[in-house]
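Two complexes are shown next, each including chain A; its partner changes from chain B in the first to chain C in the second.
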Partner chain A sequence: MSAEPLLTVDRVSVHFRAGGNLLTGVSLVRAVEGVSFTLQQGETLSIVGESGSGKSTLARAILRLVPVTKGSLHYRGENLVTLSQDQMRPRRRMMQMVFQDPIASLSPRRTVEQIIEEPLRVHFPDLDRAERAQRVAETMDAIGLLPDMRNRYPHEFSGGQAQRIGIARALIVEPELLVADEPVSALDVSIQAQVLNLLAEIKQARSLSLLFISHDLSVVQHVSDNLMVLYLGHVMEVGPAGTIYSRPQNPYTQALLSAVPRMDFSADRPKRTRLTGDLPSPTLEHVGCPFASRCPRAQALCSTDKPVLTPVDGREVACHFPGS
Partner chain B sequence: MSLLNRTNNEAALEAAVTTLQSRSLTQLAITRFLRNRVAVGASIVLLILVALAVFAPVFELLTGYPMEFQDRDFYSGKPPNWEAQHYLGTDYNGRDILVRTMFGMRISMMVALVAATVALVIGISYGAISGLAGGMVDTIMMRILDLLYSFPLTLIAVIALAYFGRNIMIVFVIIGLVEWQLMARVIRGQVLSLRNAEFIEAARATGVRPFGILVRHIVPNVTGVAIVYMTLIIPEVILVESFLGYLGLGVQEPDTSLGVLISEGANAIEQKPWMTYGPGIFLVVLLMALNFLGDGLRDAFDPKDR
Partner chain C sequence: MTARTTGTGQPILSMRELVIAFDTPDGVVEAVNGISLDLYPGEVLGIVGESGSGKSQSWMATLGLLADNASTQGEVTFDGHNLLDLDSRTLNTIRGQRISMVFQDPMTSLNPYLDIGTQMIEALGTHDRSLNRADARRRCVEMLDRVAIPDADRRMRQYPHELSGGMRQRVMIAIALLNDPDVLIADEPTTALDVTIQAEILDILTELQRERGMAVVFITHDLGVVAELCSRVCVMYAGELVEVGPVQEVFEDARHPYTLSLMRATPRTTNTGSSAADDRAPDAAKRAALYAIPGAPPNMRLRPPGCAFEPRCRCAEPRCRTEAPALEALSDQPHRHKACFRTGSSEDLSRELLDVG
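Entry: the complex of A and B
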């Protein structure tokens, strides 16, 4: 763990200009606000938060698919933010992504083989047809796709199979880092476990580092080493997954966790905290804690001072009044 | 051993079934199209019309009247006369209207094809660039389109024809230059919605260059729509050409087009109505066939039906 981290994200913000007509003017969506974390090689970090909390935007920012407004991203010590897209291209082999909507993430008029081999064409242009076909066949086999699926089109597959195709496409260039943005959210519950197990297996077998994004804490429970909770683009709590699961300190984490069905009937099990109200507009700039408007524990201080991440009980929490 | 054989057979069967089921979206579109009787009927009619136009010279042989031949006995426009083999009558110069209609249809179709191709190429490039570039470039390119739209393009066509002379190629190109705008708008709309599609993002994430994204992921997804709009543009082109013909700016004598023929007939619609019947009916049938074909194609390619 003392080695240089694979990925260091330092105070990254991503703002979008949104809407904006003559009357309202341009408003700024603060999708990600000053997020910092590190990811060690071989580690799985899960990023959780309600829909709209900026998880996908953070993932896209790390892969330089959306412009980073502030902050830096160091991959193996190299700052990605200052690279041009051309300089970024060769580095993309190392960091591949799996998407939320498995079918929509596959080009509808290309065959499975064409889809899976595309990253090879980008990163290994010297391979000939037969070599590419060989690599595609090996990868499909490793992911549990049948050879005769090669010439079929995405719309012929179920969500689970389509997601396997997406995973095969990501793995064919043997990346070090896999960013999985809600890879099972669109799947039937019965299929979710299969795909999660597949991800866990290949992570083990290929010693991948994994950024695993989900809005559902029960999904990440079994795959994560570390856990990061996002709310309106802010990190609310980050640390070892087990620690956070058993003793959440931030009221927002507690609210998320209490939505997870668990087999825990002991007397000291966490009390249920319900999230009430809607997510506030992401265009607001927060002077205080972004969660203050919905927090059961909020006090005057919370709406005037923004809490910073502070070590508490083996993890870091951004809360003026942490506690379980 | 028999058990082993059975599983082998079953596997083979399964493989065969999956190959059968494995149909691309294009194949699905074709299947859907073939199930649409009106559209299939329209394509057959269209094929017949194209054949008639291509083999227009055959009518010169059948009737015995060359396209430019002026029949002295049938001067100043005579009604249909089957014995003389003027099946649709003659025009003012005693020329056979059936033969001229076939040659006119040939020119109309050529104008339509060339102009629609010009519109297709310019429209797709302009629309795709605008949609892909986005932001300021997109805004400026769309403003230019708005500007062009507010121009009286037919007037420009008239001026250009006057300036460059009445060359048929110029008619082709000018109409194409007018008609590409709709195509550009439609393609841009498609590209805009494709641009944020997850599969495009997946391609970007893996490092596919913008040109590769355009060629491998965008173009295959807009060709269906482009074909549909091409069949909708063609009737438009034929109408514009007819209008130019009506103004006396279309193709030049002795060549003719459906529009020119109709405008000649329209001048004498009360005394000599047969002069418009032939070209009029062929124009209407041609336009209708194209429209039904376009509708059928649009339904077949409808992305909502995926």
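Entry: the complex of A and C
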């Protein structure tokens, strides 16, 4: 793990101008605020958070699908933020994305073969038709799609099969980094397991790096090496997944983990930390900790000083009063 | 044939041989295939299954809420009436008053043009004409308080879009409970919510259920929610009940291969321990794969002649392909039921599931 990271994200912020009306004027949504992390080759980092945590925006910002307001993104040492979209295009081959809604993310008018082949036409224009067909066939086989599905259309497939098509489309250009945004949230449990196992297999076989965006902590625990917990665009806790799951230090992480319904009937099942109140507006600029308004452990300091990520017990925590 | 429970006394609602079919341009689709089930007063009954298992439709039928192309057979008995045959006027004296329902997406149930107070008073008024407006208003505010909506008086004057998803779902629960129903049917009420908000809503539902002693039917795809909330569970697959019994017994000692498969396919958050040894486990590459149930659920127009789960079942025998097993009591635990020819223990079946492939 001492090698140069594949991806270094340094104090990245993403702000949007949003809505506004005659009375309030335009407001600034602070979707991502000063997020930093590194991703090694072959590593799976999961980014978890609830709605409004900025997890999807962060994923899109990393691929430069939304503009980065502040900070830098170094991919193999090169700062992507300073590249133009034209300069960015060849780099995109290395970083592919898998989306949440498998059927909506596939063009309804194209056959499976045309969908999977499309990125090849963009990134490998020199390949001839036979070579492309060969690559499509190989990729389909590796993903568990049968050859006779080539000429069918997305609506003929179940959610699980459609997600395989989405994964095949991402993998055909042999990326190094796969960004998967809630890839199994729309799938039934039995199908979800098929897709999660598939992701684990191809990640292993191709030594892919995976950014796995999810709201589902059980799924995340199953796939992650490392884990990053976001709240209102801020990193609350980041580190090895096992360490965080077994001894969460940030009160928000604790609340999140304890809220997951479990098939556990033992008497010593962890007690739920009950949160009160709603998520504050994402347009607020926080002087203190963004979680202070709902935190069971908050003190005066928390609303006046923003905690910074500090190493605690094998991971980093942004909290003035960490502890389990 | 009927699944009974630890539940006490007479059932409050009984389904008998309920069949629901939809007439579609591609032919008739049988969504629910003859289920029989009793709901007892004061119990929390979980209905789990994946998309298309019929878990929602069977309860929509109860309230006459099926789509126009649906047809039903069988009986759903409540208070001496067969709800499937009732005219809409009589059904309206039951619906929303004695049996209420909460849906997944509160935005589709609330009227966006009316403030919360107007909608709540209307729900009360439809069912209780003896109330004057001031009393009605007071009862609504009290109800909003009960579902932990802060500043209830002000909320009464707000519109649905001004509330967060969690708040809207609380309003829906408040409306459903205004008339103190005997039965609350909750169809994936927390599926669209964040997990911390879901936890709050589940706590509120549990409290209200205990306080009022109503029966709750909780429809969900989430086994964890069932484990936390319900006393008894019905597992559905392809429009049929495959296993029914007390939640803890079913989850700790499942006897139907589908129940077992579903449990093995569900990623779990393992217990948060406290020793440093826990850190060693998670090397994602070495982590055990989830059990992926092979194949996909059957096409409901071409239901297999035998057990509907047989094509995906690793415990199947030759007769499973030709003969459909009925829901029957377990020989060693007559209060539990399953629809499967195999008689093995949970361990034996698990071994067969996981050994092959």
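Assume the second predicted complex is superposed on the first by the 311 of 324 C-alpha atoms of A that agree within 3 Å, B and C clash if a C-alpha of one lies under 4 Å from a C-alpha of the other, contacts with A are read in each partner's own complex, and residues count from 1 in each chain.
Just so it is clear, contacts are C-beta pairs under 8 Å (C-beta built on N, C-alpha and C of every residue); 3 or more make two chains touch, one makes a residue touch a chain.
Keep in mind that what you see is a predicted model, and the values were worked out from it rather than measured.
Participant: Should the pairing of chain B and chain C on chain A count as a clash or a fit in the superposition?
Facilitator: fit
Participant: Under the stated touch criterion, which partner chain does A:Gln192 make contact with: chain B (first), chain C (second), both, or neither?
Facilitator: Second partner only, chain C.
Participant: At the CA centre of chain A, how far apart in angle are the CA centres of chain B and chain C, to the nearest 10 degrees?
Facilitator: Seen from the centre of chain A, the opening angle is 80 degrees.
Participant: Specify the partner with more touching residues on chain A, choosing between chain B and chain C.
Facilitator: Partner with more touched residues of chain A: C.
Participant: With both complexes overlaid on chain A, does A:Gln221 touch chain B (first), chain C (second), both or neither?
Facilitator: In the superposition, A:Gln221 contacts chain C only.
Participant: Which partner chains sit in contact with A:Arg89 here, chain B, chain C, both or neither? Use first/second/both/neither.
Facilitator: In the superposition, A:Arg89 touches chain B alone.
Participant: Tell me the contact category for A:Val287 with respect to chain B and chain C: first, second, both or neither.
Facilitator: neither
Participant: For A:Val308, select first, second, both or neither according to whether it touches chain B, chain C, the two together, or no partner.
Facilitator: In the superposition, A:Val308 contacts neither chain B nor chain C.
Participant: Could you tell me if A:Ser324 is touching chain B, chain C, both of them or neither one (first, second, both, neither)?
Facilitator: Only chain C; A:Ser324 stays clear of chain B.
Participant: Should A:Arg169 be classified as contacting the first partner (chain B), the second (chain C), both, or neither?
Facilitator: Once the two structures are laid over each other on A, A:Arg169 reaches chain B alone.
Participant: Minimum C-alpha distance between chain B and chain C after superposition, to be given in whole Å.
Facilitator: 10
Participant: Which residues of chain A are in contact with chain B in one complex and with chain C in the other?
Facilitator: Touching chain B in the first complex and chain C in the second, no residue of chain A appears in both lists.
Participant: How about chain A: which of its residues touch chain C in the complex?
Facilitator: Touch residues, chain A against chain C: 44, 50-51, 158, 160-161, 188-194, 196-197, 200, 203-204, 215-219, 221-225, 240-243, 245-248, 255-266, 268-270, 272, 274-275, 277-279, 314, 324.
Participant: Which of the residues in chain A end up touching chain B in this complex?
Facilitator: Residues of chain A touching chain B: 60, 63, 65, 88-90, 92-93, 96-97, 99-101, 104-111, 118-119, 122-123, 148-149, 151-153, 155-156, 166, 169, 173.
Participant: For chain B, which residues count as touching chain A in their complex?
Facilitator: That would be residues 15, 18-19, 21-26, 197-199, 201-209, 212, 216-217, 220-221, 306 of chain B.
Participant: Which chain C residues qualify as touching chain A in the complex?
Facilitator: 50-51, 150, 164-167, 194-200, 202-203, 221-225, 227-229, 248, 251-252, 261-263, 265-275, 278-285, 287, 289-293, 296
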